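Same chain, two partners: chain A is paired with chain B first, then with chain C.
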Partner chain A sequence: MKTTLKKGLSSGVVFGIVFIFLLLIGFINVGSTMIGDLLGNTENVTSGHLPVNNLLLMLALMGLLNGISARRGLGEDKWWKALLGGLLAGLISGILAWLAIWLTGTLSMQGTALQDYLPSMDPEELNFLRFYSTPIAAANTYLIYFAAFSVAGAALSWLFSIRGWFTKCWQSCKSGVVNWKGTRNISGVFENRWVMLVVFLVVAVILYFLPILWGSYWNYIMGTVAIYIILGLGLNIVVGYSGQLVLGYVAFFATGAYTFALLTAPTPHGIGLNLWLAVGASMVVSTLTGLLLGLPILNLRGDYLAIVTLGFGEITRILIRSDLLTALTNGPKGVTDVGQPNWFGEVFSDVNYMHLLLLLVLIALFIAKRLKDSRTGRAWVAIREDQTVAQATGINTYRYKILALLLGAAFAGLAGALFASRNQFAGPEDFTLMVSINVLCIVIVGGMGSLPGIVLGAFVLKGLPELLRELEDYRLLVFGALLVVMMIVRPEGLWPAARVKFKKPSEKQMKDLATEVEK
Partner chain B sequence: MVIYLGWRVYQTAFGEGTYGPDTWMRFLITGLVVGGMYALIAIGYTLVYGILFMINFAHGEVMMLGTFAGYFVLEVFSAIPAPTAADPNMTFLNAQPVIALILTFIAGAGVSALIGYLLEKIAYRPLRGAPRLVPLISAIGASIFLQNAAQLLFGPQRRQYQNPDLLWRGTGWMIPVGGKEVMLTYTGLFSFVLSILLMVGLVILVKKTKLGKSMRAVAENKQAAALMGIDVDSVISKTFIISGFLAGSAGVMWGIHNGLFNHYVGFLPGIKAFTAAVLGGIGNIPGAMMGGMLLGLFESLGPALLGLDFQLKDVIAFTILILVLIFRPSGLLGEALSEEKV
Partner chain C sequence: MTRAVIEANHITKCFGGLTAVDQVDLVVPEHSISSIIGPNGAGKTTLFNCVSGFYVSEEGEILFFGKPINSLPTHKICQMGISRTYQNIRLFGEMTVVENILVGEHVRLKANWMEAIVHDPRYRHEESESLERAFELLEYVGLSGLENTPARNLPYGAQRRLEIARALASQPALLMLDEPTAGMNPQETDEMVAFIRDLRDSRRITILLIEHDMRVVMDISDQITVLDYGLKIAEGQPAEIQSNQRVIEAYLGPGAAALSEKFKQKKAQHA
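Presenting the complex of A and B:
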């Protein structure tokens, strides 16, 4: 009884606070608009108001979740206990919501300019949140909805727990997700050379035709994703393979982009180098930057390294835009008219460009894969797992760490050159700390050290936000929360790197072994 | 390189046509005021590092939320009317400036302390005992989350602190230096004195009280402290509360002294205060205080001494960080740390 109430109470408080937070950042509005878009229920023709049933649906969903979470981990229970817990959770969160709605509603109806302090609380939106009625009535609706649907959620979760379906289903789903890569009979097929060849050909054909079919908008989005895949692969060598947390990865990206831009743009230097040579030059310069940075600092330990590289990234950006280097880099204005790739004088179309990007992504994937399986890759993993032991086994840790950073920097240089040539522009504000953070998120969310994880991570973190335009404002907020949640729930990432595991012998094998030894 | 820098410093300091002593005095004052704030934030890094061996990357955002809290409290006070016979338009802020300021500081520091407590509870506690990169990444995530939450909640525009008339920005005493007058602003002096007072308070707390004793014990050895009957989790929570409190005070000072702020206000001071903590020797409280003051001075005097643009003052801070970490990773006052703590 006590635990039921306690769970209900804490779930109610958490949901109430989350609701108020979402309300204040304007997400309740955006979320119900999205539900409306999904259901095709966008505008009420007669009144010109936004339809409030989207909002009600959203409240109902939140209430259900609240009820389910209030009963999480309680298992089989008396039915009235379950409902009581749900009711308590719903009431608590409902009362918090009631207070928030009533307070904001009353204040805004009195003419207080809430939006001066809380920008998402402007009268229009608040009117919608009040269902275009009085604050008291609206607040009561919120309370009733939360309480009712929380009880419903608790009832639902109780029903499932009684039959054991829910827990069983959940467990099988969970173990399925954990083990689905481990199913040997499927992955065994992929080890066959001919099967791999066929798969590769099919993928190549699809990749060839996709950019032609899906138009320039998609080419733009997927181009961004491809550039970020290359960046992610590069950072993965540094962070995922060798375990060095580098937060200033953007410095190499910026160096690559600026080298390319300055070598090909008509201003400020007018060198007009051949583009393919310029790409090579960007990679070389980025690598040299990596060497410059890496030689003194790579012996620092993990968290110091993170901060120093972060500082280095910021220094790079400040220097690029400073008056000191304006003559070299064109300062805050950035470099315009950066050269585009061409094939014997013919400038690439977006389709050709996408093909080029895909080709480079495949090459980068191939290189990263071969590196991972090589002696060098194993040395990196050893350093990542335990540097002292790695050193004891005869690995020159310093040299391997530098090598990882140099390779990572070269990848970033390539990505930078592609980025500059695609945008035909390189400006200091493209290279903020957020780029480093984005790439780090890709590597970590995908799974450190895992190549398919990087690709998946780039699609999820760079591709999805482009598609969900309404959520653009919330992207970084979600990134931050995602990093914390991933570290707590699943530090190995969405698609963890497969590791060679030695199977524990089964009990029968152990017995056989024992009898053999006895003989 | 060193010779060149020395020559450069000599030339700017004593050469013809450079800054007069009044300008140097102004730089010195700026450096000390900013240094005091850095020191307060740096203590937060050092306290947490001393106990958990992790960099609380979100510490700057904790300070930022304190700045916002102080701002809102001052806005409310300046809206409450307190008419007197002499001035019917008097507000509570100007009628009772001392009480208003005390309440503002309590609110700012309190909000920051609360955020620090929640941060530890939600983002760091579940990760205790995990490999070292894991809590660091979680801290980076928390930092991004807090920064963007503040942007979404309060908007991206810059806001201005509503100071009481007593502490109006740009007013102060005139001190004659070398024939010219240099202004010692009231806000600057106020911030500096308050930061010194807070630091003294912290030292007393750590050295004299039971809580301070248990904090030192936990920093020394968690297991042994637990065996002596110290509740390690609660000590860690309290450490986060104290460091949040100091950061929040620094945040309100920042607002009162500089006036303009937005949701990025915590980022650079956070990084620089970390630099200060490393400069003094991380884990070492007097080191953090000294490092903060030194960094403030380097930052305000450095560009002038080296004859560089003031745009580059952030570069100086970061360069110092890199140089300290390369040549003396244990900091100026730090002892050499054992491998386990490193």
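Presenting the complex of A and C:
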């Protein structure tokens, strides 16, 4: 009984506070508009008002969640206890919501200009939140909705737990997969060379036709994702494999982009180098930048390294836009008319470009994979795990850390060149600290050192925000919340890295290899 | 006359005002099992760290087969043929058992990152050879079947053995063991003693170890060095050390030696 009430109380307080927070930043309106869009239930033409049912739906949803969360972890329980817990949670959050709505409503009706303090609190929006009625009536509606749907949510969750529907479903799914894997020996199948070839071909065909089919908008979004996958793979070598927290990764991205831009754009230098050579040059220059940064500082560990590299990233951006280098980099204006890739004079269409990006992503994945499973990759992971012991085991840690940084920088240089040529522009404001943080988040959210994790992370963190345009104002909020939730729920990342499984090499294998070497 | 694997002269290491190791000489003959003992805080591990390159000693020189190794970084020392284990086990926890061994083999492999990307036959040959050696080593230390377990999931005893296996993977001439039997029950300890002996006898590896378990020390050591407050107070074969007055006093306090003499005499009288 005590735990039921306690859970209800805490869930109610949390939901109430979350509601007030969302209200203050204006998310309730955005959320209900999104629900409306989803249901095709948009603006009411006759009255010019937004339909109120979207808002009610949103409230109902919050109430249900509240009820479910109030019962989380309680399992099988008496039905009246469950309902009581739900009711308590609903009432508490309802009272908090009641106060918030009543207060904002009354103040705004008295003529206080709330939007002076909080931009999202303009009278029209508040009017909508009050269902175009009096504060008291609106507040009562909130209270009733929260209470009723919280009870409903609790009841639902009780039903599910008492019948064990959810657990049963989960269990059967799980055992099904396990059985299927067991009988078919699924991992064995994928070791077969021919099966892998067929899988590879199918993937290649899909990847070839997708950019043709889904149009230029999608090509643009997926292009961004692809560039960030390459960036993520590069940073993953530095952070994920060798465990060096480098926060100024954007510096290499910027160097790559600017090298490419300056070598191909008509102004300010008019070199007009062949594009493929320019890509190579970007990678080389980025790598050299990596060397420049790495040689003096890679003896630092942990926090110190993070701060020094953070500064390096910012210095690069400030240098690019400084008066000092305006003659070289065009300063804050940036470099325009950067060369586009072409094939014997024919400029790439967005489809060709996407194909190029996909090819490069695959190559980058291949290289990252091969590195990971090699002597070099093992040395990196050893350094990440325990640098002192790694060195005492005979690894030249300094050299390996520099190697990781150089390879990471080369990846970033490639990504920078692609970025500049796709946008046909390179300006200093494209290379802010946010880029470093974004890439780092891709690595962390995806799963440190995990290649599929990074692809997934790039989709989640760069692809989804582009698709959810309505949420643009809240991108940082969602980003922060996602990181916090990830760190609590799944600190190892969405798709954690798996160590490669080794088998003892058979004698035949050894003989074959020995003869091959002799040749 | 056997050669000296390690010849350390007048090693001194200070931490601030504390002299942790004070003018210590140490000679480790080839194919021997030498032990360093002493009460807590006597400077045993500090001496170990000086030899393996974790610390640079302020004074003195350390020769490994006649070559000075004083100020070399630890990876160079490891390449020359010294490897060690740690008092509190330090494995690469996230890596699997076999990967830990492969990291241990690092110094004996040559493949660089470009060959790793290309996977040329020479690279693949080296990889599978190193893998074969790793599996043999795992069998030798009795960890077969656990190859793909993450090292941190191993039970304590297995972690100890894996750490020794990792040290052996670099094919060292000198293996330094820091309290190899710490936290083991008598049976496990006996197994470890037999294992260490086998390392010397069949693998011809010289062993230098720190140990607190006197039964172990007296059982396997060819030579014992006793430290107390950073000073070397005794050196010799187990029998000599057992009857050494200063050693008894260092362990049991002043006056203990006289007491033990009395006890012995009484025992002799009764007999």
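The rule is simple: the second predicted complex is superposed on the first by the 477 of 519 C-alpha atoms of A that agree within 3 Å, B and C clash if a C-alpha of one lies under 4 Å from a C-alpha of the other, contacts with A are read in each partner's own complex, and residues count from 1 in each chain.
In the analysis below, a residue touches a chain if its C-beta (ideal position, glycine included) is under 8 Å from a C-beta of that chain, and two chains touch if they have at least 3 such contacts.
What you see is a predicted model; the values in this text were computed from it and never measured.
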| item | value |
| --- | --- |
| Chain B versus chain C as contact partner of A:Leu263, first or second or both or neither | neither |
| Partner chain(s) touched by A:Ala138 [first = chain B, second = chain C, both, neither] | neither |
| Touching partner for A:Ala278 - first (chain B), second (chain C), both, neither | neither |
| Contacts of A:Tyr304 with chain B and chain C, given as first, second, both or neither | first |
| Greater residue coverage of chain A in the superposed arrangement, chain B or chain C | B |
| Chain B versus chain C as contact partner of A:Asn396, first or second or both or neither | second |
| First, second, both or neither for A:Ile318, with chain B first and chain C second | first |
| Which of chain B and chain C A:Met62 touches, first, second, both or neither | neither |
| First (chain B), second (chain C), both or neither touched by A:Ile444 | first |
| Residues of chain A at both interfaces, chain B in one complex, chain C in the other | 388 |
| Residue ranges of chain A touching chain C (in the complex, touch as defined) | 367, 370-371, 373-379, 381-382, 384-386, 388-397, 403, 407, 499, 501-502, 504-505, 509-510, 513-514, 516-517, 519 |
| Chain B residues touching chain A - in the complex, by the definition given at the top | 54-55, 72, 75, 122-123, 126-127, 130, 132-138, 140-149, 152-155, 271, 274-275, 278, 308-309, 311-312, 314-315, 317-319, 321-322, 325-326, 329, 339, 342 |
| Chain C residues within the chain A interface of the complex | 52-54, 73-75, 77-79, 83-84, 86, 90, 92-96, 98-99, 102-104, 106-107, 109, 111-113, 116-117, 119, 121-122, 124-125, 127-132, 134-135, 147-148, 150, 166, 170 |
| Residue ranges of chain A in contact with chain B within the complex | 21, 24-26, 117-120, 243, 245, 247, 296-297, 300-304, 306-308, 310-312, 314-315, 318-319, 322-324, 388, 437, 440, 444, 473-474, 476-477, 479-484, 486-488, 491 |
